[in-house]
Amino acid sequence: MLELRSVCKHFGGVAATDGVSLALPAGEAHALIGPNGAGKTTLLAQICGSLTPDSGDIFFEGRKITRDPQHRRVAAGLARSYQITSIFRRANVLDNLALAVQARSGTSFRFWRPVSAEKRLFEEARALAAEIGLGARLEVAAAALSHGEQRALEVGLALATRPKLLLLDEPMAGMGPEDSQRMVELIARLRGGLTLLLVEHDMDAVFRLADRISVLVNGRLIATDAPQRIKENAEVRKAYLGEEAIA
Amino acid sequence: MSWILILEQSLNGLQFGLMLFLLAAGLTLVFGIMDMINLAHGSLYMVGAFLAATLVQATGSFAAGVLLAIAASAAFGMLLEVSLLRRLYTRDHLSQVLATFALILILNEAVRLVWGSDAPLSMPAALSGPVELIPGLMYPSYRLVIIVVGLAVAAALFLLVTKTRMGMLVRAGASNREMALAMGVNIRALFTAVFGIGAALCALAGSLLGPLLAVQVGMGENILILAFVVIVIGGIGSIRGALVGSLLVGVVDTIGRAFLPILFGLFFQPRVASAAGPAIASVAIYLLMAVVLYFKPQGLFPARG
Amino acid sequence: MKTVAAVIVLLVAYPLAMSAVDNLFYVSFASRVLIYAIAATSLNLALGYGGMISFGHAAFVGTGAYVASILFAEGVTSAWLEWPAAIAVSALAAAAIGAVSLRTRGVYFIMITLAFAQMMFYLVTSMKAYGGDEGLSLPGRAELGLGLDAGNEVTFYYVVLGLLLALLYALHRLARARFGRVVTAIRENEVRAEAIGFPVYRTKLACFVIAGAAGGLAGALLASHGKYVNPNVLHWIQSGTLMIMVIIGGVGHLWGGLIGAAALLTLEHLIAEYPVDWLARLAPNYQQHAGLGVGLVLLLIVLFAPQGIAGLFTRRARAP
């Protein structure tokens, strides 16, 4: 589904991404972990298209997408949610989701017919809202949602584009235990139909959800393996501060 | 078309470019560090020129008048910053644009109320004659003085920005404002100082160009556009970019106006040449800007990555 | 809805009332207000709805004005040819300028649109054949055909009013259509709009071009109305004036352009024509310094009431 070959990205003298190669089969839930500053978000940005690698290539479903603009990747089925919630704050939940559905259902160069007439758009948005647990909050302005609800909407927006591959950037960021639990359940529900690439610090979630885990340190992948073996990997334990982190 | 003419026009281009640099330097720092768009920068240039006109007459000395005008403009600029402009730093660009545009209107009318539509400012008598630079090339000594002063100020600015502590803070602020704030720099004082320096530079440019271009209400608007083009070409926040940009713009504009019509006359019929030549000459710098932007959308030396 | 209907009725009845009291000057003045309303509304599309701070909008208005005038001077006097031509050429200019400018962001974009607009100003100034600095005077207004006389102030007013209302209705539909939703989404969160798959650059460019085209129409009407055009129409200070109208009226509100144009032009007219005694005693020449008042009002609005007049009455045009 997704393949990275020796992807490199430098900022000034620093290698944010240093020859990363990775292959994700379809349907896999893959987690990307690593200490802060390891370059996880930079890598995600290159996969989704907001940054271009300096060298190396990225393949999606066999096709090279290394330099494709973001909207073309989205149309091809690659979507991303953000670490810092990035939603349309002034719109309500329904409109947020309807917007994302609109993006992938035909051209938006329509100037006359009101969107409110497109019933199907809003039905899909409603279904999506239910899937992410916001079915009862449709009319609430996004800015008025709780943090956990906003994070759910954040994922919902990415989901609305009906991706084949979903990149989740720290979906659990800033969440308390209850909200995290709900988010884990949400993501678990998604696993069936999608390929997932999950960047997270919450190790509980990572070990519950991931089929395989990759560890990124200083821009390099030092290990890619099943969760149990990653736990036992000496180099990985060294990379994190002390062994307690992965106990 | 003689070499003398080319040399003379090149010197004119250099002179104009250096004066543009004085304006652009202050402007690019304000953009780069405060992330604020200040349309009233041209008005500071105008105020400086008018103040010079009055102070030169009052003191009877060109140099004294100009120096006093610079000091007064710096004070005025800092007063403006403290009382009004600092409220705009956190506002969106549209608000900044509109507020500083309002300032242009207010200052234009205020100047008109105090001085009338224009004020006389003539170059010092001692400098009104030409000087023979090389055999055959007579160049106005006043323009020569402008070039010397411009180069001196540019050098001083470079020293200030690269060698002093304040300069380091300025450069840090230009490339990463949040970082500079986090480092505990007294941002407010720094901003006020930068503004004051910018105003002083504007006043210098206004005073020196006044005898050549006429001191009148609205003089700031036209030169402001050129300063913008310079900054876009040079890169926001970069003094080096401002210098390179201003010299490019100054030379291209001057030489373009002098020689493009002649060049056109060589290749096209007189009727076409006489219409197209001046037209293309007047937009030469904008075409230059478009070309630079095509290859480098952030200018030649952007301060931020 | 009722307010809208009332406003339209007032606008339609106005010239008839003015004719009744034999005051055609105010009909002509109102036409001018409506033309500026079209110009301000076109800017509102790019600025208020699209969030694109284009400081060069006067270039498109001016281009329209010059295209119409040049055609007239060259013998093409029919409005049916002149005005569409003005719209087309302005749209092309907007496409060219927008294509380059929209690759930049923030402060760069503002300065670049400003610079390009000024470039158009200098281009036009150098066209000696069509008046250069002095401008171009025309013997008459564009011919409307259909037995209508454009020289008749009331007729011209209704033509302009019709065009304004058509534009407002089109904008109303556009804002609610798919395109409008994307435009406002981009304005609110460009990064996310791109991330969910909207072609941001193309959408902004289209919005910019539509705004430019409508601006061109305003320019053509302006040239026809005054039977005169001069390069100052393109000067960036004019762009500023249009922006003032938009912000006074209400950025992003449907009626913002009309309210702003009416407010500003009426205010200027009142200051110039009707001396206020106590003000005159304070500053004898105050009427010639109306700019000071406008500047102060603008500054106060920006600092304290950024939503403008319309913002005082309604909520801002909601994001999608």
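Some notes on this structure:
The chains carry the letters A, B and C, assigned in the order they are written, with residues numbered from 1 in each.
Throughout what follows, a contact is a pair of C-beta atoms (placed from the backbone, for glycine too) under 8 Å apart; a residue touches a chain by one contact, two chains touch by 3 or more.
Being a predicted model, the structure only gives us computed values, none of them experimental.
The most distant chain from chain B, with centres taken as the mean of CA atoms, is A. A summary of chain positions shows that the Cα centroid lying nearest the centre of all protein Cα atoms is that of chain C.
As a whole-number value, the distance joining the C-alpha centres of chain A and chain C reads 44 Å.
Centres computed as Cα averages put chain B at a distance of 31 Å from chain C. Centroids of chain A and chain B (each the mean of its C-alpha atoms) stand 48 Å apart. Among the residues of chain B, none is found touching two or more other chains.
Contact residues of chain C toward chain B in the complex are 47, 53, 55, 100, 103-104, 106-108, 110-112, 114-116, 118-119, 122-123, 125-129, 235-237, 240, 243-244, 247, 251, 283, 285, 289, 291-292, 294-296, 298-299, 301-303, 306.
For chain A in complex with chain C, the residues that touch the partner chain are 48, 50, 70-71, 74-75, 79-80, 82, 86-91, 95-96, 98-100, 102-104, 107-116, 157-158, 160-161.
Here chain B touches chain C in the complex through residues 31, 35, 37, 87, 93-95, 97-99, 101-106, 108-110, 112-113, 221, 225, 228-229, 231-232, 236, 275, 278-279, 282-283, 286, 289-290, 293-294, 297-298, going by the rule given at the top. Touching chain A in their complex are the following residues of chain C: 170, 173-174, 176-182, 185, 188-189, 191-192, 194-200, 203, 206, 318-320.
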